[in-house]
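Paired with chain B in one complex and with chain C in the other, chain A is shared by the two complexes that follow.
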Partner chain A sequence: MFILRFLARRLGQGAIIIFLVSALIFTLLRVVPGDPVRLMVGGMAPDTLVEEIAAEMGLRDPIYVQFGRYMGKVLQGDLGESFVRPASGAAVGGASFDDATRGERAKVLDLIAETAPMTLQLAVLAMVFALMVGVPIGVWGGLYPGRLPDRLALYTSSLFVSLPNFWLGIVLALLLSVKLNLLPAIGYRGFSYTILPALVLAVEIAPFIIRTLTVSVAGVMGQTFIDIARVRGLSRNQIVFRHALKNSAVPLLNLLGVQFSMLLGGVLVIEFIFDYPGLGLLTINAVMQRDFPLIQGIAIVTAAVFVLINIAVDLLATAIDPRLDY
Partner chain B sequence: MTSTDLPLAMAVPETGRRVSTRIWQTAFASVEFKIGLAVFVVLLAAALLYPELSGIDPSKMNIRAKLTPPIFMGEGWSWAHPLGTDQLGRDMLARALVGLRYSLLIGVSTTVLMLLAGAMIGLFSGYFGGRTDTVLMRLTDAQLSIPMIILAITILGVSRPTIPSIILVLGLAGWPVYARVMRSTVMSERRKEYVRGAMVLGATDLRIMFTLLLPLVLPPMAFVAVLDIARMMIFESVLGFLGLGVQPPTPTFGNVIADGRKYLMNAWWIATMPGVFLVLTLTSINLMGAALERARNSIYGGA
Partner chain C sequence: MDRRSFLRYGALAGTALGAARINPDFFFSSAFAQESRPLVFLSAENITGNWDPTAHTTLSQTNIEGFVMGYLTRAPMRPEEPDKVVYELATEITELDAHRLQIKLREGVTFHDGKPFTAEDVKATFEYGAKLDRPKQVYPGGPETFSVETPDDHTVIVDTSKGGYGASLFIFLASYLPILSAKDVAEGPKGPLSQRLNGTGPFRFVEQRGNDTVMEAYDGYFRGAPKVTGVTFSFVGDATTRMLSLMNGQADVIERLEPEQVETLEARDDIKISRLVSVENKYLWFRCSKPPFDDWRVRKAACHAIDRSMIMEIMGSAGEASSNFVSPIKFGYIDLENYPEYNPEECQRLLAEAGYPNGEGLPELEYITSTGFYPKTKEYGELIAALLQEQGFPVTLNVMEVAAWNERLYDRPGGGPGHMVDCGWATGSPEPDLVLRTHFHSTAKRICGIVDPEIDAALDAERDAPSLEARKESLQTNLMPMLADKAPALSLFTSVLIHGMRTNVEGLFIYPDGQSDASQTTLG
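Let's look at the complex of A and B:
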């Protein structure tokens, strides 16, 4: 019963957030200069044709009219069609304005559905790498606050946040794929193409895990129930793994919810460097080509995922730590 | 920020200045802070002095010395170009150091801008509450759920990016976090004795906000903002890398690295060497920031 009320409230709030995100992106795209129709039809097309097509697509109506029409469709699950991408596959610019394929452009939802699994694969692998590095360093640092392991945790996380993803990507590609020939770097032709981008993304995520764990483990270890566990005769390993880690998991979960959008920002740049065909590369190309419906669609889907992840995080947190209130 | 353990001490809040001094002293005592500071001072001095003293123009081309490798690396290196030269014979060290100037300029100004903007919005939102608060907080929720890089490249993608427009866009994308922290602190502070006391004495809202609350709440936030300088410098370089930062011929880390990427196979140093400077600078700032954050947390009891 409580859970139902909680879900209803959070989903309601989430709907408001998604609505605001749509409004924000929608307005921003239309206020900022740069005409997508000009890009679609190409530089050679006469101005009258540009105006004609723009009017036909409803791009010259007042913004709130366009927004109302768009949201009406979104509510029916229709995110519209890309301005520039044909349904057949490869992206084309607007080389010729009398292009015959202009009639059948790709559906935004299809484009997102095609690329999202690739990004998910990248993100999950990166998360695994990041946890493999971050959890030992973070927990160890938290167990000895102020001592060497703690220092080490501080130095590693400070160094990792200082590595710009695009630079690290270039350096790792140079070392691991050009010099040592260990891993493929550019494009995607199999699972091994995910490893290098995932490593770079993991370096970006790990510092947050390390910092959160160091602080929370140190906090938990200072509490009375840990002392009591010691008196109860539990071994140190039992105390750390059963009590301390379980209690430190909640801040870690919260972090994942909050940092989700940062994670996506990293994915964007990393996919661009490695030419990895995921949602991030799709986004960058959409922005560069001023593909309004695609940018809007991606923003809405991202916001929705953000909302759902945060609800899931809160539910999981209460499952782990029943003292927490919804 | 629990007031249950120390009811008496909390009734009279420490002034912002005294807390700040203690945070500085605690941070300065740590090894991390000293290492960070030393590295940072050296880099800053190099960035400010080297291009001037050596008289090397970072955009001066010298085709005869093109693609010189860094010292001790490969054939034909020379002391004249310690980090080598690029495909047009431009000195990489001068380019990296001038890039560092722009990076720091944009990083610091952006952080100050978003700290102040966020603090103001959070202050009003938290103090007055009500409908203003609801609207502002929903807006920050919405903004936090869009990756700020999408916002930034959307806005900068069409207009020709200039230094002020980059600062504005990055600042615009970063204020919500500060607004939230400020709001929650102000909300808890304004219920306390000393604020109510000031109200009873007839102080106006603005007076309470700007002479009592702001000096108390802003300094601890400003210390943590040091970490954001590094974050903003990374964002600036990412924008530059995507071609949306300060435009060439002005060298910035982003555009130099993007440029060097084309020559990665035969001249690896163009793309990698400037990055070493960026990483060193960022690490030094992050070490200082982490030390300050820890000092603040230990003084505020981990909040």
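Let's look at the complex of A and C:
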């Protein structure tokens, strides 16, 4: 019963958040300069034609009317069609207003469904790399607060957090791909193309994992039950791995939830630099082309994923520590 | 050994054995395999999504057409021989008289869909490509101004008597519009033409996969099957990403290199650079249909405020100085004696004459330019804005990303946005009218929006000249000097097309509009 009540409450809150995000994005997109119809019809088309098509598409109605119409369709699972992309999914521009392919624009949901798994793969791999680096350094630092491992953890995370990701991306591509020919860097033609961008993203996430773990492990190790465990005759490894780590995991889990959601939005620069065909690249192109339905669709899906991940994280945290009440 | 240890060691041993069976190639090797493979070409510009060659003026898509489509002739347009024409689907072009042109066609050529290439395809292409409603209308007048006869399957006679202009105009245009299949044309602009490319060129269009245009070698190509298995033409928006792809071997050819990138790449043994004076001039377009640039004196004053030698310093190897409204490799080019040069005194004299002494009384002026596609636009845009401000023009430079700039580029009823716009214009033919008529005749006036009966008359006069020689004279002594006087735009310089390619790419011929011929290309 607890889980059902919990899910009902959190999903309800999530729906409100998604609604507010959609309303905000929808309004902002229509307020900023740049008429998508002008892009659709081509620069040479007269203003009267632009107005005619805009009126036909309902783009000159009041914003709340447009939003109501849009949300009505979203509730039926229809995120609309891209303004500019044909069904092939190519990023296009400069078409004429008499473009015969307009009838077969790509569906926003299809475009997101094609690219989201790519970004998910990138995000999961980045998270795995970040955990591989962050957990040992963070735990080690937490076990020896104020001593060398702690300082090492601090310096490492400070160094990582100071590296701009676009710079690191280019440098790593030059080093690992151009100089050493170890990894491919640009585009996607197989799993190996995910490794390099994931490494760059991992460097971005690892400092948060290291700092969170250092602090939480150090905090847990100072608690009474750890002292008692020693009295009970448990070995240090047993104390650390069976008791301390489990108790330190809750803040890390919350952090991972937030970081993972941030990753889905934070891949923009990385995917652009590596020409990685995920949600980030799709978003950048959509913004450059004023592709309103696509931007809205991505925003709604990202918001929904953010909400769902946080619900899952809270559920997991409750499972680890039943005292928590969300 | 206790039970727990046994299980632990057993699991470790199992993992070790399993790891040995994982194929590491899955993770690492595929990107650098050097087996027979397609040529990978990275483009700086996206495509339109409509494959009809008459439906767009987008360079990247024209480059794709260069691989797939066949042309009656090709124009290599090298500076030493700008008028040279290489026969492709045509084998002979003869001027029967001033208004009649006979084109003999190659036999034994087939389209990629299996249809034999005949005179009906040329007739259909000429008539369709001349329609005034086509966004890339290429022939000198609408289809009613000429007729096409097909005495047999491999002879075409173009008669321009109805239009009153010389048939020789079709000579240069023959290397501009690709030949379409009459069957496709018959189904109109909403038919198969818009859905896929169907040509007679060395590569067959397979599909558009995301941002990749996939083409494969066409075994039935009349000059023999290409040596590479195909061409993958991809849009990659970021210049650094394109360069890294070339450096790590993922790309074979990249286009539109920035001068700084050239320096980096030239230092490497595995990369070579191709530099070509292009058919593209870069222009400062004035919006001639609204004040203050509806007055030629204000336009010319602005031209005299700009020191083009300083722009050339910024452009470095990516630009070539020229003093005309077309590229030096276009038919009829001449360094114009009256081309407006930097002259602050003349600028001030013209401003005062127009009623704006020292720029007083001029409205706030917006100068629109783009960043991300053409090299150095922002840098020289800032210079031009500063030079104009120095002479009293209240100019604000507005730098936009390509999509927003593209949206504001063209003329509209009542005048396009802003007062000045930066843009280049490239057309893959020596034909100067593809620039001059397109931009300065009152029926087209794509960007500047000029309506001037004298310019119209001069354009018609050179078009109607009875021979190529007479036409050249009309261009050089009447139209071009008149344009320099009336200054509907200022051509700043001619672009130099810079491609980077891997040294193992042999036999790739690049045309000055960016199209490539990869039919003889090998990846050594």
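Everything below uses one rule, namely that the second predicted complex is superposed on the first by the 322 of 326 C-alpha atoms of A that agree within 3 Å, B and C clash if a C-alpha of one lies under 4 Å from a C-alpha of the other, contacts with A are read in each partner's own complex, and residues count from 1 in each chain.
Here is the rule we go by: a contact is a pair of C-beta atoms (placed from the backbone, for glycine too) under 8 Å apart; a residue touches a chain by one contact, two chains touch by 3 or more.
From a predicted model like this one, the values you see are computed outputs, not experimental measurements.
Q: Once chain A of both complexes is superposed, is A:70 in touch with chain B (first), chain C (second), both, or neither?
A: neither
Q: Under the stated touch criterion, which partner chain does A:140 make contact with: chain B (first), chain C (second), both, or neither?
A: It touches nothing on chain B or chain C.
Q: Identify the partner contact of A:170: answer first if only chain B is touched, second if only chain C is, both if each is, neither if none is.
A: Both partners.
Q: Based on the superposed arrangement, let me know which partner A:275 touches: chain B (first), chain C (second), both, or neither?
A: It touches chain C, and chain B stays clear.
Q: Mind working out whether A:285 is in touch with chain B, chain C, both or neither, as first, second, both or neither?
A: In the superposition, A:285 contacts chain C only.
Q: Tell me the contact category for A:24 with respect to chain B and chain C: first, second, both or neither.
A: first
Q: Once the shared chain is lined up, is A:182 touching chain B (first), chain C (second), both, or neither of them?
A: Second partner only, chain C.
Q: On the A-aligned overlay, A:307 touches which partner chain: chain B = first, chain C = second, or both, or neither?
A: After superposition on chain A, A:307 lies in contact with chain B alone.
Q: Starting from the residues of chain A touching chain B, keep only those that also touch chain C in the other complex, and list them.
A: Residues 33-34, 170, 174, 178, 272, 284, 288, 290 of chain A touch both chain B and chain C.
Q: Please give the residue numbers of chain A that touch chain B in the complex, ascending.
A: Spelled out, the residues of chain A in touch with chain B are 13, 16-17, 20-21, 24-25, 28-29, 32-34, 151, 154-155, 157-159, 161-167, 170-171, 174, 178, 215, 219, 258, 261-262, 264-265, 268-269, 272, 283-284, 287-288, 290, 295, 298-299, 302-303, 306-307.
Q: Provide the residue numbers of chain A that touch chain C in the complex, in ascending order.
A: 33-35, 38-39, 42-44, 46-48, 84-86, 88-96, 98-101, 170, 173-174, 177-178, 181-187, 189-193, 195, 272-275, 277, 284-285, 288-290
Q: For the complex, which residues does chain C have touching chain A?
A: 26-32, 45-50, 52, 55-58, 133, 135, 189-191, 194-195, 207-211, 213, 234-238, 240-241, 244-245, 247-251, 401-404, 406-414, 446
Q: Going by the contact rule at the top, pick out the chain B residues touching chain A in the complex.
A: 31-32, 138-139, 141-151, 153-155, 157-159, 230-231, 234, 237-238, 241-242, 253-254, 257, 261, 264-265, 268, 271-272, 275, 278-279, 282-283, 285-287, 290, 294, 297, 302
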